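What follows is chain A paired twice: with chain B in the first complex and chain C in the second.
On to the complex of A and B.
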């Protein structure tokens, strides 16, 4: 497998990490919390998509949309139940709450779905009751040296669409501009007439929608199990911090760096050490915190 | 300031723990070294197993409380230091293990090696991350624990991969007459070690040294402005906590006779954190009591498993759902813990 192939895998991985990392970093920037349960929102989206596409069964684009709605609803409901009531207590109680919530959600999903990985397009998906939606698979050669699957194109295409829509949202709509204002200075935004609670809820919904999309894309690209979210959360976190926590554009850049590093490191690591490629993401995270704690875009994280 | 200056004679509680701890260790030695044997009813085994684990986690929670309760350092990778202590002891002391490195050194040497290894990791993590804002320190330490975990899994030639390292000497079992006596001696020994740790950290935190730590937690800027080197104190507190975790890990390895990555997951960190928050951070006996409540739940759930019709696998998930929600509930409804001082911790209740 050539280096170019790894670059393609890296871009695909970077794409779904980026979709998730934007949501994660918006929560960080506006609600001011590191949400460790966010990985579980991806899992929720993936299973909602899987249920829609495989159990009902509805066409794949519908399933993706339902997964996004499911992610958004779950995110808002969980925020209202668990995070909004303790908003005033500061970042550490919020972080610890999200860790507890993440463990609870992960195991609830495991109870409901079992331990095995589920796929959209193979016979191991026990969610399937009747016909499988048509996810066109099959690599088609471009240069003989590497391949691009239709799933790859779907993932990257969705990511690019998200980037454009997000940019439009943040620069052209009242909600988006209010979000940016709150990210800069919440008190100032409030005295200028921004309904901060409404904006916060919007951010939760938006982040959940993005998590749902990222989750269902991961499920289409590879598979999904109860542990999917947790296995991605540190990558998302690394991408968001690398890009400068709170900055959506930084998160996109950070995600592609993480994606490429993960993918290229598997090319150089000996077999049986694939676990180490995820350790690479955490190593990048620590190195970034050490060398340039503010990430690619600035926001103060050191205090001493 | 030397270590001796930081350790005044201590208060009544610290001395009580010291005496009781010493007594436990002596009793353990009696059971382990003399031909005296006991036989325990089989129904008590589960209490002894959980009790032994409680004593080890007790040492962990006391170290964590030094870091978080007193100094305000949010270490969410405590299991990493526990694991490094255990693995160092395993690698240094195991006799021709089936996997990984086994040097076959005497166990006391290995135990010291385990404590030193954990302390060194603590110093490394501290040097890189201790200046970070609270929530980012939590993230950095959690990532460290995940890295350590994946290193243990990945390097089979060194750490034995998923199989881990076996044939670690079990000094208590080797000395004691039979399995029941060994169990009683182990719980007495580890309980004694936990009480001695309690005495040591109580003395440390009752001393002026402890007041500096709590001042750092309360207001770092003010502490720095009165001329205390905040970073130095934070580093010391972090390394002490890591070394205690290394001690607990080393004892764990010498008790089980085998280590594997599966013993050292984030669940360990979560258990000690919940114990600490539930009991009330910065209150040494409180955190031990909180841990006892959580470990008691574990014991209850073992019995509940016997009478519920669901599978052990599903039951494990249910238990973790409860554990996660307990963490959420404690932070929301008892932010200072059951025995914690809300005013001193600076939390709203």
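On to the complex of A and C.
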């Protein structure tokens, strides 16, 4: 059984979890809330991408960009409507509001789009890889018998691009430096002249953009339905907590751990237990938190 | 009222007219739903409180209304199958009413959506029986019937459904071969062959094609496991072996690791038993990975959506589904095509059969109560009477004092003591972007794969 092949699958899964988990953990680190409605932002992005690519129809790269913009706009609007007005009330009311908002959004999406899964149709699916070599790429024999597909390359490529852009944003731009300052001490940042409301809005937009990208990548790979985001929120939450809530670099590490555990546990669990791979990911989470309750890389947003 | 001078005052006349009008209106209302129903005369007004009681056939009364209820999958993961079933039911309803209806009364069908959700199904069945006055239920899936089994028994209303394949029903349901005795009845009947039958047909096809070793990938829910168990029992009994079995959760973003594990073993073909959404994801991963091999699909995967999403890699894959080749399929097909544009599926002919057998049960009973229908489902379908394929033929035969034996579109509709039917199995093969019927395995050949007494 190909260990390397399963590692590749794990890295692909980890990549789209990481894109979403960065946005999730930025909200936690700077807005100081766990946003359970974040899964629905993925769904919104996926449906915006689907509408753009299939219904309009526009080329898939355009659809991905529109999905990212849609996710960002939705995130900001929802924040202004539901979270900003209660920002002063503390994390628990914000958490409860996000749970309620998630349920409401999920059912509204179900009402509008129906219960059934929607697919990027075959024609669009072919087009989705325009500009990327027509694959499967492989199989390769260099390091053992394994293969990668162009889908794998697109997902991992998007993730790597996000990581570099994020690093550049946090270390080389005024907005990013202000985000780090707010993550460290919001009051001090305000005293030093940081427009905290603007930074909050920027975080909401950035998190929504990342959710839109992750959602549309998941939809291209599988399908999209009203439950798409909900079915991924626990993996995203686990990755963010595993990495150290509030740390984008930790979220990346946590996502790849979750992705690898999902993949390798399916491959190597005893026969008849393969359906428990999702549970294995959470078992790892529990073990890590027992050993290091703050997560693997807590506070890194401040140290970057 | 009479005035002093012996002439009626204007007010008295108006009062009298008003009172008379009220009485008249009350009388009219009483016909609809009063408790003082007719007494069974040929022009009788029928009914008790539900308006479904009547007299006896051939000189009996016409009830005010006969209502059948249809829980439907108008939403949810199986909704793509409902149009074909609704159209078949509507076609049957039209034919029955065109022939004068049971007991000379038009049948009304009330269709309500359950989303194939057991809790919703419970509510819908309650509404159909208690609010709509349905005397029979013409639907419900396995995933609704199994968890609601005790509830359905308490309703004491026959459920004659075209949907469920569950092996749970193999030895449950029906009248136990004692039509007159309701005490041992289990109130659920199905006009579609169960998983035990068409999985046996699929196993036979797999062995006939020379695939003696198989890999299995299935979802971790009862329905998917049930399909696999139904397949493997005859497959292994006839010499086949399982090289690898991988069970997966539903709704995953990727099944690549599961496929990697599955294809780590050597086998001739692999069986897929997953709901459509998860199956499309898994088969797309399989196609992208270039794993090859012969796919063998569960019955619900033989649909256009699967081919559309997975593409040409699926060419040669087959699915086995309940046969659409009962003795009177042609009669059904013509009526179905006249009724609309829906695509016929494996559950359409059984839906036609369900509607007919219930209507004939009412006609034979001479009344439209749930108990009367329950007592007569067996006698109108499996008896020694005159063979009929439409309600009109059956109605005429019963009017002449003959017994009838309804033979349907999906199967001969000979209910077993457990309310099951046995029939052929259709093999559909994916070729050039669509599923095409490639083979029909006759019922008698499938019978050899099913243990006596186990179905």
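Methods note: the second predicted complex is superposed on the first by the 265 of 304 C-alpha atoms of A that agree within 3 Å, B and C clash if a C-alpha of one lies under 4 Å from a C-alpha of the other, contacts with A are read in each partner's own complex, and residues count from 1 in each chain.
Operating definition for what follows: contacts are C-beta pairs under 8 Å (C-beta built on N, C-alpha and C of every residue); 3 or more make two chains touch, one makes a residue touch a chain.
Predicted model only: the values in this text are computed from it and were never measured.
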item	value
Which of chain B and chain C A:165 touches, first, second, both or neither	neither
Which of chain B and chain C A:188 touches, first, second, both or neither	neither
Chain B versus chain C as contact partner of A:267, first or second or both or neither	second
First (chain B), second (chain C), both or neither touched by A:218	second
Partner chain in contact with A:115 - chain B first, chain C second, else both or neither	both
Touched partner set for A:107, first chain B, second chain C, both or neither	first
Partner chain in contact with A:153 - chain B first, chain C second, else both or neither	neither
A:278 touches, of chain B and chain C: first, second, both or neither?	both
Contacts of A:4 with chain B and chain C, given as first, second, both or neither	neither
On chain A, positions contacted by chain B and by chain C	115, 272, 275, 278
Complex contact set, residues of chain C against chain A	75-77, 79-80, 115, 220, 245-249, 251-254, 256-258, 260-261, 264, 277, 280-281, 284, 288-290, 308-309, 311
Contacting residues of chain A [partner chain C, same complex]	1-2, 5-6, 9-10, 12-13, 16, 114-117, 119, 121-122, 136, 139, 147, 149, 151, 218, 221-223, 225, 227, 231-232, 262-264, 266-267, 271-272, 274-275, 277-278
Interface residues, chain B side, partner chain A - complex	74, 76, 128-136, 138-140, 142-144, 146-147, 150-151, 153-156, 220, 230-231, 270, 273, 277, 313-314, 317-318, 320-321, 323-328, 331-332, 335, 347-348
Residues on chain A engaged by chain B in the complex (per definition of touch)	33-34, 82, 85-86, 88-89, 91-97, 99-108, 110-111, 115, 234, 237-238, 241, 272-273, 275-276, 278-279, 282-283, 285-286, 289-290, 293, 300-304
